[in-house]
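Scrolling down, you'll hit the structures one after another.
There are two complexes below, and they share subunit A, which is joined by subunit B in the first and by subunit C in the second.
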Partner chain A sequence: MIIDRSHRGWFIASLILLAVGGLLYVPYAFLSTAGVGGGSVPGIIYGSVGSAMMIFAGLLGARKKYRTWRLGRATWWMRGHLWLGFLSFPFILFHAGFRLGNGPLTRVLMALFLVVFISGIVGAVLQHFMPKMMTERVSMETVFDQIDSVLDQLVTEAAQIISDIAAAVEHQIEREEAAEELLPASGRARKAGVVTAPDERVSGQITSFFQSQMKPYLLSRHTRKYFLGNPIQASTAIQQLKVLVPQSLWAKFDDLENICEEKRELERQRKLHKILHGWLLIHIPASYALIFLGVVHAVLALRY
Partner chain B sequence: MPRVRTTKSLAKRIDLQYFTRRDAFRRWRLWLSLGIPVVAAGWIIYATGSRNQNLYTKGPLSSAHAVLTTNCNLCHVRAASYRAPVPDKACLSCHDAPPHNPRQTFTPACSSCHVEHMGKARIGETSDSACTQCHSDLKTTDGQHSVDSRVSGFDKKHPEFAVLRADRSDPGTINLNHYLHLQPTVRGPRGAVQLVCEDCHRPTNAQDAWPYSVAVVQPASQQPIVVGVADSQQQKRRSVKAGAGAYMASIRYVNQCAACHVLQFDRIIPEPAPHDKPEIVHAFIVKQYTDYIATHPDARRLPVLAIDDGMPPGLTQSILRPTGNESVTLASSPSDWVQQRTAEAERLLWNKNCKICHISTEHPGSGLPESVKAVIPGRWLPRAEFDHAAHLMLTCEACHASIRNSRKTSDTNLPSIGLCRQCHKQAGASKLAAEGRCFECHSYHDWRKERRVNGIMDITQP
Partner chain C sequence: MEQDFSATFVPRQQIQITIDGKPFIIDRTRGETTTIFEAAQKCGITIPTLCHQQNEKPVGVCRLCVVDIGQRVYAASCVRHIEPGMQVKTSTDDIKSVRRTLLELLMADHPSPCARQKLSADCELERLALQAGITASPFGPRATHRGHDDSSLSIAVDHEACILCDRCIRGCNEIRHNFVLARRGKGYQAGIAFDDNLPMGTSSCVSCGECMVCCPTGALTNKVVVDTKLGEGDRVALQELQKEEVFRGVSGTFLNLNSNAVRKRTYRPGEVICKEGDYGSTAFYILQGQAEVFLSSPLAHVNTKGQNGFFTKLKSILEPGNASQTSNQPRKRYIPTDGPVDLAQDNRLALLEAGDLFGEMTCMNYYPRSATVRAKTECVVLEMLRNVLDIMRRNRSFRARIEQNYRKRALESHLRGIPIFSSVTSDFVGYLRDRVELRQYSPGQLICRQGDPSHSFFLVRIGFVKVTETHPGGDLVLAYIGRGGFFGELSLLGGGVRTANCIALDHVEAVRIPVEDFNLMLDRFPDVRRGLEAVAHERAVENRQRFAQIQSVPVDSFLAQGLMEAQSLLLLDLDKCTRCDQCVRACADAHDGVSRLIRDGLRLDHYLVATSCRQCKDPLCMVGCPVGSIRRRNSLEITIEDWCIGCGLCANNCPYGNINMQPFQVQSDDPAHPGRKIAEVKTKATACNLCPDHDEPNCVYACPHDAAHRVNPREFFADLARQTGKGIFRP
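So, the complex of A and B:
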């Protein structure tokens, strides 16, 4: 979700809440006889408000999972998640008296809280430019989950092309050999020094290129070690193979080059997708742990 | 036909059931979302099972209580409900906490001022707000105040020391001229001396001998028995909590004055009169003369020197030398001699020696003088603690700057609060200053009323 003008209401409300919380904190900090801390009445209030904000933010997952719930639009929940999640940070700091935790549980809580908060900020920032970048850099985007399946299909397609090329080359060789037999002896001698048709080695080269380079490249997730990942080097290699075959087969090599380009795009899409969504692997588990330990902390802190 | 990629051709590749299966990313997200909270829950369960309550602590205990870290129940007493706060009686089971003032309108809970779980900070270092919650607008049960009712901080909102206010002065009744005593021409037991502060003023724990004590001029066997208020009683008037060296030793004639202000009354009696009540001095003088005349019966023929009242008060020896102004009287009997001699000696003492320092009046019945009770305050700030030992790096005159020009007893030669503020600030070490919070000088608990508390803990013998 991009933070734009439609967030203005949430922004203003958050600003007001923050201002109120801060203004109330100042006299509390100066006048408190026992010092600021989570166990004081204002500290408990700040902690409760911050926790409520965090729980609301955590409910976004449930709202997105149960889309038929009539509890406000998902975009409204998303905005609440962003702004109340952001606001929970200063309120928890007010609750803790700007201390990062002195006991084991409170230290872990504060560490988890920082992880969740920072990862959330990172995710929100990424949302603002990564999608556009993907649109610009990945012209033919596919479903992320299906990239491996598509790559398998590309391998099949490339194998078919290679097979077609090899068959065409074999056929060309047979035709040349048959034509040569019909030539007089003088004609064979004149032709001996001229290479006009592919020989058996070309087919082997092309097949070997596919087996040793192209197929592993298409199936691999670590494409840096393959020169086919570089468009210029891939084009050069394929050009070198192109000149070995008749011009009628050159279009097939163009298709092979096209397949390599598609592979590069799919890998680009995979990489960008991981950047765009990878932070969730930290943000979501950490937030569940935070909420669980937060409940434990609240129950025990109220006891003592 | 060249290979053309269109969205339709791309879409045809997609398995239409893909959404029913989780890809690796979603699987990782699921397992991490389950695994990390499970690890957290396992941590809590393990700690609970091993009875490690330290896991839930708000922070480490102060140094004095660190030994109790694993024994939360000593302080956190479980109430009838789920809660286990720290009641005052938990603190009072080990500590006595004498009340502050009988007229205070409420008594704060122990934990409201003494905040634990703040690490190695001394638990006695209470914040100023613990004091100013009352003293910023002081109210008492009877509406009467004996202190300023609006004190909210040392830096700006603290009144001048009471003893330095306009209507106060040194209540001392002993005539003392510091200016004179600090001159280089002061006559000591062996000639002119230059006195320094330490010659008369030393901390109570000082061990070295007083340079101008009675021991300088009198053998130990002849030194008077000290009578008067015992040191322990003086200590009680001061703070019980004061450490050694906090306050100065009392000013006593036998320690600081005797070597110069010798109470010799007659050249034929080498012993000086004791520094004591007039009746005791009188009895001493009579006995001395009686013993003397008994062993020197011919002394009756010696003239009794009458003191010329016109002579300025000075050292006794000059008065005892014959100057030619004396009238000569011969005693008719030993008792008459004793009586005459005693009268002259007492006239010397009461009118000269004693009057140098004491204010006295004549008792109508006995004819002996009555000295106004000597009042030399041993503690000038009765509601605050001051520790001289903590200020040893300063010269005496750094704080007592007016002493060299002080000519009158009524001069109060204490530094003003402004001088203290040059070093002591409320922010203390954070402002590179000495501590200036309330607890540095003031004590909430009246430790003079401290009672012994019997401990409750036991230790398992090895």
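So, the complex of A and C:
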């Protein structure tokens, strides 16, 4: 989500809440005789408010699951998640008196809270910048789940192009041989010293290039070991094959180059997509654990 | 007493004439006339002719039959009568020279070899020219062209080959008494014309074929239907065809030429004659027996259950019963079919009898079959291609029977099946029965023009009608109306002037209700008037909103992408979209697990135009639906009703791939083993309908990043252009 002017309302409300919370904490901290702590009345209030904010933030998951329920737009829930989640941090700090826990449970809670908070910040930053980066860097983007299917289609397309090139080269060789046989002996002798047509080795070279390099590259997920992953090297290699065939076939090599470029873009998309969503693998489980342990902490603290 | 035979006595006359130096005596009845041509024929002397035909009144226009009778000018033998002592010379050098010149003049303009010469090598003009030794005419062809007319399904008209012999005119008028053909124009523009110079296909021509049989050249030739196969079946003998009432009045030669386009088939009870959703090119006429017509596709939406768990999987099933999302929208009570009856929603089975014709729309317009027809008793049918169907449809007695059938069996269900007209009583339908008129329209024919006075209301019986509104910027398509639909009511309600153009998209047959009867219906049934007025108001509001849009083209590529046709685009702002697929999943959740959008498509700058219904101004998806299940409500959204038979025509028609066919498995009756069920895969069409139950579509509502928006493309990109300073503005 891009944090822009449309968040202004949330920003102002959060600022006000923070200011109020902070202003109330100051006299509480200085005037409290028993010291600041989670067990005091203000401490419990801060803890409750902070927990409520965390729970609301956690409800985003439920809101996303029940997508068609008319419980408010998902955009509103996401903004609430961001700002109230952010705001929960100072309120929990107010609740804990700026201590990182005084027992194993509270220490674990605080650690989890830090993990959730920091991963959330990272996620918010990633979601702010990365979509635009993906749009700019991946012009041939497709649906993420379809990337493998698209790559299969690219392999099929490349195989067809290679087959067409090989057939055209063979045909050219046959024509040259037929034309040569019609030449007088002196003509053939003059021609023998001049390389004008592709010979049988060219189609073999092209096919071998496809089988040993291009096809494995297109199908592989670990593309670093293939030189085709580098646009300059790929272009050079294809250029070297291009000059071996008649000019009428050069456009097909451009198609092969485009296929390699599309593969690079799709791998780029895959990588960026993982970065954009990978942080959730930490944030979500940590959040569930935080809420669960938070409830345990609240029960234990209040009851005992 | 002398017997008086005066009443029966026929006086004979003998006239002596000389033809080519030989004396002949011509015996004839006193009072009768004999032409030189007839006399020569009786004497075994052939005089060439082009315009004369024995069973027609001679007119002497071609002048090929001229003979020398010793007068100042040569006489046309087909019209000149013999006189006692006449000296006739039929083939002097001079006369041969005259005939040669005439043939050369005719051949100069003749497209040799003409269609008849190519088909059967019997063009009379080319034969005479060959006999006269003419291989190429010394004269130049005419500078102007008279053109071709391919509008008829059974006869091709090549005006270039017409020699204006008038044989076709006389055949149409004197022999068949149809009075369709006549002459038109002058000089080089002279030609034959149908009715008031209409194309043959749209004229009152009954396709009897007499003109084609009479024509000596390739100006009128039989059309052969190509690329369609009738397959096996009993060929029908000419005599058998001629016995059928539906072919009465059709030239035997013409029928014989088309006998390859018809087969007789016999079906056992329970045997399927045609299956819904199959593509075809033939129609069926029941000679004997009865057949059942029904829809075997279940009346239900696709329902897909998602299995819970981390790895979700969608499984499509069918749920019985219709759960239309907009229960406040009235729905049709009858499902239109390509036959003489419609199917009731609650009982989708009807009976066809001897004399019924079905499959017209499939045959004429190549649409998929609208229903399954199965023989109930032993059934003998004629299966025919479109040229034979055209002959049948134009036959007056057959037309009368079809119309009577429609009035008796289908008019009521057709009219009362439309929810607005559901309160019309059977008595009133009975009153209307004899007052309505069935009219045929050819593809592209204008049925009514915007701005013209309105005199009638129409129900569509066959085919599709395109309704457009003309504006300074061009025509806007408002709707495609198929069988079961209606048009013309707004103009009758609102002052008697047509508010839109209605054009036949293909072969259309419409029921015309005159304005007096329409007004009477509105007076007697206030519910109908209220319903129509509500529709009219809704459409007027919708049109006003549509045409208040800014006429601007914000980005050059906008036009190139065909997005001008869209009224509503689902745009994803790729700078905000995290590719979480919440929109797709929300769409699937809202539609029983079947998503109607794909998060892929065209890219405009940093916007993605998702593959989802665009609610096009010209909804090509609606054209050809055999059961009228894809339609547009009075607002934007396209909806697909439960009785979709899954033929896939709408999906094929959509140029953007926004309609998907979802397969599912059903249990159907096994035709080979009655009483048993077999599993069968059926399909249903699905498309985005903008979630009409909510203010916002679910995909937009569920996007957590404010990236998905349904926009009016013109307004959106115009605003964008103003903000960014890009684009071209047109006032």
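Details
Here is the rule we go by: the second predicted complex is superposed on the first by the 303 of 304 C-alpha atoms of A that agree within 3 Å, B and C clash if a C-alpha of one lies under 4 Å from a C-alpha of the other, contacts with A are read in each partner's own complex, and residues count from 1 in each chain.
What we mean here is this: a contact is a pair of C-beta atoms (placed from the backbone, for glycine too) under 8 Å apart; a residue touches a chain by one contact, two chains touch by 3 or more.
Note that the coordinates shown come from a computational prediction; the quantities given were computed from them, not determined experimentally.
By the touch criterion defined above, A:F292 reaches subunit B but does not reach subunit C. By the touch criterion defined above, A:Q160 lies against neither subunit B nor subunit C after alignment on the C-alpha atoms of chain A.
By the document's definition of touching, both partners, subunit B and subunit C, reach A:T142. Of the two partner chains, subunit B is the only one that A:V150 touches; subunit C does not reach it. Within the superposed three-chain model, A:A301 lies in touch with subunit B and out of touch with subunit C [touch as defined at top]. When both complexes are overlaid on chain A, the residue A:R73 reaches subunit C alone and has no touch with subunit B. Contacts of A:I259 after superposition: subunit B is touched, whereas subunit C is not reached.
Once the two structures are overlaid, the count of subunit A residues touched is higher for B than for its counterpart among subunit B and subunit C.
In the superposition on chain A, A:I284 makes contact with subunit B only, not with subunit C.
Once the two complexes are overlaid on chain A, the subunit A residues touched by subunit B in the first and by subunit C in the second are 142-144, 146, 277. Across the complex, subunit B is touched by residues 30-35, 37-39, 102-106, 108, 140, 142-146, 149-150, 153, 251, 254-255, 258-259, 262, 274, 277, 280-281, 284-286, 288-289, 292-293, 296-297, 300-304 of subunit A.
Across the interface of their complex, subunit C is touched by residues 1-2, 6, 60, 64, 67-68, 70, 73-75, 77-78, 127, 130-132, 134-135, 139, 142-144, 146, 273, 276-277 of subunit A.
Only residues 2-3, 5, 7, 10, 13-15, 18-19, 21, 23, 25, 28-29, 32-33, 35-37, 39-41, 44, 54-60, 72, 76, 82-85, 108, 111-113, 115, 117-119, 126-127, 129-130, 133 of subunit B touch subunit A when the two sit together in their complex. Across the interface of their complex, subunit A is touched by residues 574-582, 585-586, 589-590, 598-600, 603, 606, 694, 696, 698, 701-707 of subunit C.
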